[in-house]
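What follows is a pair of complexes built around subunit A, which joins subunit B in one and subunit C in the other.
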Partner chain A sequence: MTFRTRVLPLVLTLPALVVVAVLFLVPLGYSLLSAFEETETGEFGFGNFAKSFEFYGWDMLFTVIITGLATLLIGALSIAIGGYLVLGGHPRLVAAMRWLYRWPLFIPFIVAAQCMRTFLAKNGIMNNLLVTAGVIEPLSAQSFLDWRGILFTFVWKQTAFAALLVSGAMASLDPATIEAARNLGAGKLRVLVEIIVPQVRVTVAVGMILSLVTILSVLSVPLMVGTGSPTMLTVDMAFRINSYGDYGVANALGFLTYLLAATVAWFYLRRGVSTGGTP
Partner chain B sequence: MVLPAPRRLHGGDAVRVPAGLSFETADGWVPARLARLLLHGLAIGGLAFIIFGPLANLVLWSFAERWYFPHKLPLEWGFKYWATVFNPRAGAMASLSVSIVIALLTVALSLALSVPAGYALAKRSLPLRSAIMLLFLLPQAFPSLSIYINVARIFYEFSLNGTMVGVVLVHTLHGLVYSVWITAAAFAAVDHDLELAARNLGATASRAFFTVSLPLAAPGIVASAIFVFLESLDEFTGSYFVGAPEIQTLPLLLFGASMAGNYQIASITALILLVPSIAFMLMVERFLKGNVLSKVGT
Partner chain C sequence: MRLTRLMSLVGAALAANVLTAPAGAATLNVVTAGDQNMADYVRDYLGPKFQKDNPGVTINVFGTGPGDAGSQKIFEKLEAQQKASTATYDIDVAVVHQKMGGQMVEAGMLEPYRGKIATGKLVSRDTAVNALGVNVDGYVMPMFHSQTALAYNSDLVKSPPKSYNELKSWVQAHPKQFGYNGIKNGMSGVSFVVGWIYAYGGNADKLMKGPYDKAVEASWDKAFADLKEFNKNVTFTPGNAGTMDMLNRGEIAIGPVWVDMFYTWMADGKLPPSVKLLLPEPGMPGQPMFYVIPNKAASKDLAMKFVELATSPAVQAEGIVKRFNWYPGIDAEHLKGSLDQAVWNKLFDDVSPQDLAKKGQPFPIVPYFSAITEGYEKKVSN
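Right after this comes the complex of A and B.
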């Protein structure tokens, strides 16, 4: 029985563990070593980081601002969508919202990028609507294919995912607390902010952190939607590899993206501990 | 003189007035309700424009034979580029079959790894179980681009760059998170008493697995397979570093066409990639049932 109960489960799990170790842990270690290795001497040092800050300092700031802004917007919109689905208005409109918001969920990033490349272009539908509505003059139509396009695309694509998580959490809340607050005269917005959001805070944070990591991983959107400089660090990393074969600087930039994701996750966890888990 | 504010009832739940019996409901006067309904309707209409506008633009481009600024709509319409894409010599169909073969191999490898692992994680006692679950989640917690760069560097040593095997391995790493977590949840949702009943009636452990546990977990496993298939079909970054230029998947073809300014080819390729994604979105709930979803991550 020892083999069945002790060894067999490990044997069953082992192949999958080996794949994760070889294809994830080894490259991860490799990227860390390479980031802190001096290109000439092969010794430990910060040369790659000095070079990264010198060449890509603005792009770092740009990446932090875009990912931060996108993550905040995704969090706010997912709460708004989830809140509308739970607190509702006209049943038909709620059904329409439920059907509508999840469309971008399984649309690949590369397809979303191609959509935006046309939608946000000078002759795209976005400008057509603005011109038709009289918001802008036909000749002052401008392309949104810059930081606005990158931000729009990430929020467009990722909100569906965050809203799916958040609305699921909101739907499983005890309806009695919401009813009680409503009966005591609280408006819908107040119920959302003071009763519902504190109870689903963890889910909102998970949705936001996963979205942040995704945004820091996607190469196609900044390549196809953002034109010119500054740009996202993912584009710089691909450039260092493709044009110079410079793994040192690329991995230093990669380390900074790990650091950004880890800082946000840590900041959240610390806040969760300091409030003692009270809602 | 200060007049007391008119008393107003809040909340539709406080006082229930049967709909259609009264013009003044608990929510306020009829015009106010209408105005709010209109406002909500407009907001949802705006959202519909933001969600479907970009997709509509994709469709427009796929039929545009000539279109430039400041024209709002294409100057000439036609199927010319559809014919180009579906022409066997153009290479798009070859890319599609490469993508599908890679996705099928990725599904096969992911399931071969994750069905035993998911079963062990759900049904057997494992030392460090939560650490192992976490390890499978870790690739999703790190920005993956620099992982792919270094995978490509390691694969170069083993001549795996630009090969089908290399791309399948990278896609499997990406898909393994979903497949391990969802199959573990699917096995966890199988009633243990049914397995015990089979064992009591004399079935061996493996027979109980193949005739009871596996069939009952099948819908969840199918869902994870579809997930992995889609993720592989749509994957860009890993294929870009490990596969290109020898292995030309459909997303790589789309990227190349778009960057070269060939919006028609890029848009048609994007529409082909959209078909399985939207089909899955519309039927995801049929496979991923609540009892499995509630076990994810436990």
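Right after this comes the complex of A and C.
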């Protein structure tokens, strides 16, 4: 009995545990150690962190602001999309929306970034369309290849993912709650804000957290869409390694990124534990 | 299946006879840093040519990606094998950037082979001897030389600025019309910044040749402060290709570019013919890429034959100059017989060989190079 209840589960999960340990925990440990090992002297200390703040302080702030803003927008848009799908307007429009909103899911970040480069440029497709439509004057066209482009690309790409989670949760709600509110005269917006969102708020939070962690790790978008400085920390990490072979500072920046991700991951895990392990 | 195996065995045996190399050495692993076109060049052009002369040899080509990152990956792979004391390394020929060539020589992972191949004496430029301050004499063969220059739209700019000084005042008069990609999104921007320090930091010669003296860095403060001021009137572009895109769309009128990329885009019709090149005074940097052979390469003899072919005048003319618009790795005079005049003229259309000799500079030695980019991070973009 003890074999089946105690040993067997361990044996069965062993391969997965080994993979996690070898491919994830060991590199993580190395990277954490290297963050505290000073590149020039080889001694342990906080030199890499001092340098990180000195050189990339603004980039850290920039990263926090961009990821935070993107996450909020993703949350709001995913609620809007999910709400539209559940509360619906015209059935054809709902069907079209259901079909359309998932597309960015299948497009890798690097492809999205490459497309945005020609879409958001000063004389790019977006401005050309706006000029043709008479919305803006050709002279007032400006390039969005900066923080706005980065934000736009992240929100465009990640909203699909969050909306998929959120609309799934909304669809599985008991329709009686919505109908009851409608019968009592609540408008669609009020139903969404006061009835639906409170019931799916955990899923919305999960979608936002996973999006935030994903955004923190993307190199291609800030590299290809962003211009000048400040830039995001992933670009700085790549630059430290490729230009200086300096893993110390790169790992220190990585460590700070872990901290950022860990604070939000904490909420995610705590919720996972409280619901018995379902993600 | 069996037939092909038989054939490859026969081929290997033949190769073994011809080369007096061990029969097991019929595979050549070529690893190249740089854009996809570098891997394609070896796979589609050099590889088949080499196999024609050496039947039965299998050539595996791997590209490790653009920029210093690509070279870094090759270094890390060799370093891992070196640390593990592997008997033979699984890289026979590597194509790496200049800086990495020096680093690999210092790490003691390369074979001094230039004296052993026939084309070794066709190179006299000092880039084959000195790689950013490291003596690489004998260990490397330049595959090609690349150069940065300013590209400008001659429709928009009738009298382009011919020097960094003129560019400074031009940018003041035409804000946001000059664009470059900073230092983190590609080497054409780095090149522009290095050229700036050469022009205004003083003592450019020492930066290129060494020796390293930390005190020199303090003399760049004014140059960096000026660059910060200059940047206020500049448009930042997303990368090497981004600069050319913006030139093409007329969003900027002048920007630093790689000459080879420029000619390739021009040939593909991705840049209007009104965009032209110039090398500003006092100059801008360029760099070679090197063929190197690890000292424990499994197929060292084959590797040397391969590099010999790759640096022969015929291949340098046809492959490097004609196909890719790079400046040749071996001395240009040896190519005269293999290249028609029209191709030669096209390559030197905007930037003459004299210009190139006078204003084509090497990058600074590694410690100064890092100090310049770090200085930029700290004092210009921060």
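Here, the second predicted complex is superposed on the first by the 243 of 279 C-alpha atoms of A that agree within 3 Å, B and C clash if a C-alpha of one lies under 4 Å from a C-alpha of the other, contacts with A are read in each partner's own complex, and residues count from 1 in each chain.
In this section, contacts are C-beta pairs under 8 Å (C-beta built on N, C-alpha and C of every residue); 3 or more make two chains touch, one makes a residue touch a chain.
Bear in mind that the values here come from a model prediction, so they are computed numbers and not experimental data.
Asker: For the three-chain model obtained by superposing on subunit A, do subunit B and subunit C clash or fit?
Answerer: clash
Asker: Using the touch definition from the top, say if A:224 reaches subunit B (first), subunit C (second), both or neither.
Answerer: Both partners.
Asker: After lining up the shared chain so the two structures overlap, which partner does A:145 touch, if you call subunit B first and subunit C second: first, second, both or neither?
Answerer: second
Asker: Of the partners subunit B and subunit C, which touch A:58 in the superposed model: first, second, both, neither?
Answerer: second
Asker: State whether A:243 touches subunit B only (first), subunit C only (second), both chains, or neither.
Answerer: Touch partner of A:243: subunit C, not subunit B.
Asker: With the two structures laid over each other on chain A, which partner does A:117 touch: subunit B (first), subunit C (second), both, or neither?
Answerer: both
Asker: Residues of subunit A touched by subunit B versus by subunit C: which partner has the larger set?
Answerer: B
Asker: Determine, under the contact definition given at the top, whether A:267 touches first (subunit B), second (subunit C), both, or neither.
Answerer: A:267: touches no partner chain.
Asker: I need the one stretch of subunit B that runs into subunit C once the two models are overlaid. Options are 99-107, 225-233 or 243-251.
Answerer: 243-251
Asker: Across the two complexes, find the residues of subunit A that touch subunit B and also touch subunit C.
Answerer: Looking at subunit A, the two contact sets intersect at 117-118, 121-124, 223-224, 238, 241.
Asker: Considering the complex alone, what residue numbers of subunit A touch subunit B?
Answerer: Those residues of subunit A that touch subunit B are 4-5, 8-10, 12-13, 15-17, 19-20, 23-24, 26-28, 30-31, 34, 89-90, 93, 96-97, 100-119, 121-126, 128-129, 131, 138-139, 141, 156, 179, 182-183, 185-187, 210, 213, 216-220, 223-224, 234, 237-238, 241, 247, 250-251, 253-255, 257-258, 260-261, 265.
Asker: What part of subunit B is in contact with subunit A in the complex they form?
Answerer: So the residues of subunit B touching subunit A come out as 10-11, 13-14, 36-37, 40-41, 44, 47-58, 60-61, 67-72, 112-114, 116-117, 119-121, 124-127, 132, 135-136, 138-151, 153-154, 169-170, 172-173, 176, 180, 205, 230, 233-234, 236-237, 240-241, 251, 254-255, 258-259, 263, 266-267, 270, 273-274, 277-278, 280-281.
Asker: Quick check: in the complex, which residue numbers of subunit A touch subunit C?
Answerer: Per the touch definition, subunit A meets subunit C at residues 54-55, 57-58, 117-118, 121-124, 143, 145-146, 223-231, 235-236, 238-239, 241-245.
Asker: If we count contacts the way the header does, which residues on subunit C are in touch with subunit A in the complex?
Answerer: Those residues of subunit C that touch subunit A are 67-69, 72, 103, 181-185, 231, 235-239, 242, 245-246, 249-251, 370, 373-374, 377-378, 381-382.
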